[in-house]
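Some structures are shown below for you to check.
Both of the next two complexes hold chain A, though its partner changes from chain B to chain C.
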Partner chain A sequence: MTGPESDLSTPLYTFQHALLSTHVVGFIIFGVALGAFMVYNKKVRAGILNSSWRKWITAIPTNLRAFIASSGLIQKAILAVVALVVALFIADFTGPYVAHKMAWNQVIGQLLHTRTYGYIAIIFWSLNTVRVRAQSRNSNAKAPSFFDATWVKILGGVLAGLFFAACADPWLPVRFSLSYFKWSGSSDDDFFHHWTTYLWTFCGLLVGVRAALQDRMQRRAVVQSRWKANHIKVSANTRFALYAGALFIAVESPKFIDAYWQETIFQQIGIFCLLAIGLNVVIGFAGLLDLGYVAFYALGAYTNAYFSGALPIHPPFTINTFFVIPIAILVAMLAGVILGLPTLRLSGDYLAIVTLGFGEIIYVLASNLTNVTDGAGGTGTAGSFSMNLPGIHFALSGFAIQDDLNFYYLLLAFIIPILFFFNSLNHSKVGRSWAAIREDETAARSLGINALKYKVMAFAIGASTSGVAGVLSSAKLGAIFPSDFALQVSITVVVLVIFGGMGSILGVLLGSAFIGWFLQYLTFHSFVGYNPADKSMWLGAILILTMIFRPQGMIPSKRRMREFKDAEANLGTADSLGSTTGGVT
Partner chain B sequence: MSDATDTTTTATVTDNIFEVKNVTLRFGGVTSLNNVSLEQRRGEILAVIGPNGAGKTSLFNCLTGVYRPQEGIINFHAASHGTVDIVGKPPHRISHMGVARTFQTSRMFNALTTFENIKIGVESGQKTGPIGAMLHLPRMRREERESDHRTLDLLELVGLSHRLNTMADSLPYGDRRRLEIARALGTNPEVLLLDEPAAGTNPSEKLALAELIRTINKETGVSILLIEHDMRLVMSLAERIYVLNFGQVIASGEPAEIQSNADVVAAYLGVSEDEVKTDE
Partner chain C sequence: MASFVALGIFTGLIYSLVAIGYTLVYGVLRLINFAHSEVLMSGAFGGYYFLHYTMKSTDVSTIVRVLILIGAVVASGAIGAIVAVAIERFAYRPLRRRNAPKLTYLISAIGASLFLQNFAAKVFGHNPSATPQPITSNFSWNVFGTSISAFDMVLLLVTAVLFLAINTLVTKTKVGRSIRAVAQDAETASLMGVNVNSTIAATFAVGGFMGGVAGLFIAMSTTVDYNIGFTPALLAFTAAVLGGIGNIRGAMAGGVLLGIIMYVPIYWIHQPFYEPVIGFTILVLILMVRPTGLFGESLGRSA
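Let's look at the complex of A and B:
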């Protein structure tokens, strides 16, 4: 396959060695343990096994809460020590990369780093929140506590955040003179060295504000839960913690992998994620099969090339790559509308074929329209990201190894808001209308839903993320070639969506991560007879296996899972290929 | 046929909600509706009956824009939109004007909850677009609240409040029919077309359903056009009845008239040709 990954330089690390030595063994042990646990769990539930320690485990949260809530001096001292140790580890974990990270003396060394004390503040603040909640739950007549007053909570949150910031970075006031915001380099006082600190400072503030607003939010949740019970399975606090944890892992974990995998994460997995999130809107939400999705990706990339003057036709003015992104989004959305309006009257297989044709048209145009796109030889260097504002200077290079991580963070800055936007879209009127059209178009239309409008909308919104992906990818790769936008890329993205679970954002992310990693693993892993050109075969195998063993995908959305069950019971169609259920009766 | 023309002349134009004039619908050589004329008064429960294949559902599909009849006009006198000829209008536009329908075979959105099913109907007329939905803009939040409350009201009206988080496909059959009615009502219709709402329900469910239809008609003032095979239900509910056979209106009038109409009896019981002649 000639996707964007074909331009990768040779591996900088012998990651085969790394994979085979620790990771794989670790994964196998983890998998076996997980399997054993699941079997065990099943047997306990079925009553085959009697477990006493299972009860003990389920009691842990209760006991823990009781422990934290208790006002005894000894408990408090234990908690303080625990908080200190945890804070030390977090501080070391989030600090700049050094050799022997997480080694015990390194961790102890963090005692000298004042960032640690900020973490301690946050941990204590969280524990206090738990304590207040537990107390208010235990006693009906709540004793008026100093910590219960709203103003104390807000003030506490603000102080915790400020304290954290100041602790983490004693030079904070100096840094805010803006002259310190240098983007690249490795000296100790540049922006990137410390930007995660600011991020977690912000999170600290958020924790405080949330604690302050907790009562209000709880009250609202009770009112809503009557009809929102289906959406909120976990409490708002748990969800917040999950989001924060996911963000933490997403930001911090790439610091621990070698440069080769950092590049892979950006170039393969990250771009796949963006593409798959967009295609998920079309396939998963709206139930339309789009096999020409790569066309929008190509349009994004060529838009960037055009505005940076890398094409034979020159733009009236060259603009910064950051400003190309909104233009690329518009171009991709417009292309989605242009493709959608005439074709979306078709359904099922016919639509798939037409979109396939559209993808091929763009590919052939890119290859043969030599005086516009430079043809198969590829364009000149497309614009990369740079910023030159008073106080903020940086230029990311697509070729420099140290910029891989920065590209990754740039990508993250796009993916995370898009995730939230699309998630709320799916749980809004628009998402429900898509579900309605997907399940029964005739019924949906009879309820006043303009099916064509919503389908075109799905095409346009889906296309928008691949416009972004096109710009980011071309900025990283430099020159772009028509072969980057061949049919296989479309197919790969479809496989990502199907493998991960149509309609499920989390599933699609998992699909991108796994298949992105898998393809990369195959490319440079020379086990017997493996040829990188066999990639399509492996993708096909994944697709077939998914279809046989788990057609709804790894992490299916609730709605989709339901549809698959219905399809088995002949209640409706589940795949996006099928025509709308039945004829008009 | 003579009965049908009688009623056309007696009804005054202004208090009609539907006026179907000489509608003919053909599929290739098959004529599904042949010169059908029909009127419904505002606030009336009108029933259309007829043997299988008489063209009742085809008529509904013409009224809701699913089919486009080759001849004739269908005037819809909406309180909000004035008089509109709905022939050739797309179904969603007709729905926005105030025509809602249910289907002969239950067409729920099976993978959605009861609550969501109804909410889709309620919010289809709202203005929130994709940008508002993505960014949680104030209008979107206000409209969400409004549709939540309206949905809860509708659930209560049809008596499904206790099932609001049930998936539509795990509802018992009778409840599904109720849900479909609630979903249609969610679009704020002026006229509600019910296509065999009692099909497949048991006698006690049928009674409850008839009660529900009457309540909806009385309390919300929605006109109801009903297709039904269960004669007892039709006779007890409908104020007037049209009888279709082979795509033509063969009789119309009060339930009592219809019951004693020889053509109707013949159409239903399949009386042989000569017997029909002797009856006349």
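Let's look at the complex of A and C:
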């Protein structure tokens, strides 16, 4: 563990405590300092801050850049030492030991803590970006260096991933030791026995490949920039730092939360996020309405139960839950296409009611087909995730807190790639077609866009995400009950997407987190005029009020917000549902 | 077999009543009123409480029973109409005033449905309650080897009256003419002096009355529950699509037809829970083969 030295099975730290007392603060301080420096630098370049009495300040970054760019070995060494000392001080200040701050042995002692290496890496990374910027401004024709080689970039990415895995490994003790890297038996202290290691290495590989492909991407950026005209302009480095920070918080913070919130976050909010991201493709990107989203979730869950032999009907062979996921995706997509193809040729509100019916049918069948699904009493124990390969031992076994954490990282391993996939999908040809169909279907068709194809595609992609969520949650919960797939769940997911802001991935995630927390709160508290049994009533009220006062959601996507404004001014539509009449008052 | 056909016809009549509500609103607003199931539910509760307070003793004369029944029909219809107009007023009109996109209407309607359903659960409790029966006659009428009870005959009578009434209302009266005008072209209708907002409210009220009465009959045949409206409303929507959504006579025929198609297979498979499954499959099949329904979509033109 890289945070406070407490046992994972007894997390002593509350959420605030953890956020304020550990190295998380260090990274935040560092991020703020870096951001301030970047903003300052930008303003100086834009000529805003270049007044004469500040010239000595403006000289600092220029000199620093020139200093670094001059590439003397001694200067680099000096810089390395300075960076190291800075990192050690940040580590000391934000470390878990309250007493003896600034004592030299404490500062040096920080070298024993894994998180210190995280700070060092980030400082060097940011210095490196400054150096690259300085170079690219100084010379237009850049000589290809060793670091431009494709294999160096990819290998570097992999090594960086391994390094990050070591810094952020939730199961390693806080004190750094070379023995982590030894290939021992199935010890908890063995770095190579933790599946997060492989996850981060894979992420590192992805970053490396992306860096290697950057030249091509920059060429394409000319075309893409038109579509980003209304976005806040963030430089690639800042965006990368933001993503890294968010990822860091997502990875680190749950370790310090108490058991109650761990369960809430992992079981409820995590699944909500996955469901909401999927439904966002249908509602937010394609502008359709799916009211039976939970049916695909049920399909995924029952697929998992079937292939692990938990249902009365037995499969020809049982397979590992990891391999059920592609099957569940296929099943959910197939169901989506079968429902979507006949329905989406018509006005879009047919889809809403057909999916509503489909959700109800799945619920009725699950409750009543006792010889297939075990009926309302629930199935046997559905397959859980376990993996036992050389070097990777991963298992979700029981109800231990360690298990919750394992499940959380598993969810993260699905959510993050899906997020990136959906985001790039939304900025690809497919996403632009969705936008075109949303805004004006007739015009889109006349430009040769096959509207039916893209609508069915969005519907099936959304359904597949729900299927994955079904497999994951059935693996975590064990037995499956038809009551988990009631209409209420579908509508709750609609609330998540609508409240957060349809079409905005960030909004949808924050919406799920907020509504997830709020529902948890409403389920277990009662206050004046409120009774937990009325939870759904207030959810309904939230839907109506959101539609009346802020249809674009709390954190809207810029484009969706504009579409709503335009639609209200009779310019195009903001959905793929056709138009209503009676806009006259 | 014949008894299943009869069951289908009489259940189908209830669906027809509900389907008229869907069809009217769709014709006027080009919008599926997702909150219509709650109109049904409130009509059921209205009828339940009317019967609960009037049927204090079981020993009442036939004349009084008939009066109570008429009162219950009017009361539940009125409650349905009020709730439907309230839904229009609070969930739709603020959006219409802003000329909002259709997606927001659907979501707002779902919100209204969820709110009303759980509000009913809060006020009337979560447990189903048995409705007092005003029709206690054991009289039954034998047709083609199947017996038709007094309840079924009352249902047939009431729906026949309501069908005639709505047909006359839409084709002959001034309100009906304005409903058809708005359904054809709202903007032009408003230029011709039709008050679009009150016409839409009237449409919801008429559809709500039908839905409320349907709710009463569902309540009398089973128990009253806060989510009583969901499945019948879904099936009624299927009936509306079967008959051609936007077409009132189509909705009437579609309901009965759907009832027959749905109950006849039950005769062979003996599993009553398959009823919504069959209905839903029919919905998807119609949408695949003939999305305009058997009789075509036309509120503005024919009806």
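As a working rule, the second predicted complex is superposed on the first by the 340 of 585 C-alpha atoms of A that agree within 3 Å, B and C clash if a C-alpha of one lies under 4 Å from a C-alpha of the other, contacts with A are read in each partner's own complex, and residues count from 1 in each chain.
Just so we're on the same page, contacts are C-beta pairs under 8 Å (C-beta built on N, C-alpha and C of every residue); 3 or more make two chains touch, one makes a residue touch a chain.
Nothing here was measured: the structure is a model prediction, and the numbers come from that model.
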{"item": "Touched partner set for A:457, first chain B, second chain C, both or neither", "value": "first"}
{"item": "Chain B versus chain C as contact partner of A:542, first or second or both or neither", "value": "second"}
{"item": "First, second, both or neither for A:448, with chain B first and chain C second", "value": "first"}
{"item": "Greater chain A contact set [chain C / chain B]", "value": "C"}
{"item": "Which superposed partner A:559 touches (first chain B, second chain C, both, neither)", "value": "first"}
{"item": "Which superposed partner A:436 touches (first chain B, second chain C, both, neither)", "value": "first"}
{"item": "Contacts of A:476 with chain B and chain C, given as first, second, both or neither", "value": "neither"}
{"item": "Where chain A meets both chain C and chain B, residue numbers", "value": "563, 581-582, 584-585"}
{"item": "Chain B-facing residues of chain A, complex", "value": "226-227, 229-230, 421-422, 424-425, 428-433, 435-436, 439-440, 442-451, 457, 461, 558-560, 562-563, 566, 571-572, 581-582, 584-585"}
{"item": "Of chain A, residues touching chain C in the complex", "value": "283, 287, 289, 291, 339, 342-343, 345-350, 352-354, 356-358, 360-361, 364-365, 367-368, 487, 491, 494, 498, 531, 533-537, 539-544, 546-548, 551, 563-564, 567-570, 573-575, 577-585"}
{"item": "Residues of chain B defined as touching chain A within the complex", "value": "57, 61, 64, 66-67, 90-92, 95-96, 100-101, 103-105, 107-113, 115-116, 119-121, 123-126, 128-130, 133-136, 140, 143-144, 147-148, 151-152, 164-165, 167, 169, 183-184, 186-187"}
{"item": "Residue ranges of chain C touching chain A (in the complex, touch as defined)", "value": "28-32, 34, 90-91, 94-108, 110-119, 121-122, 126, 182-183, 185-187, 190, 196-197, 200, 230-231, 234, 237-238, 241, 271, 273, 276-277, 279-280, 283-284, 287-288, 291"}
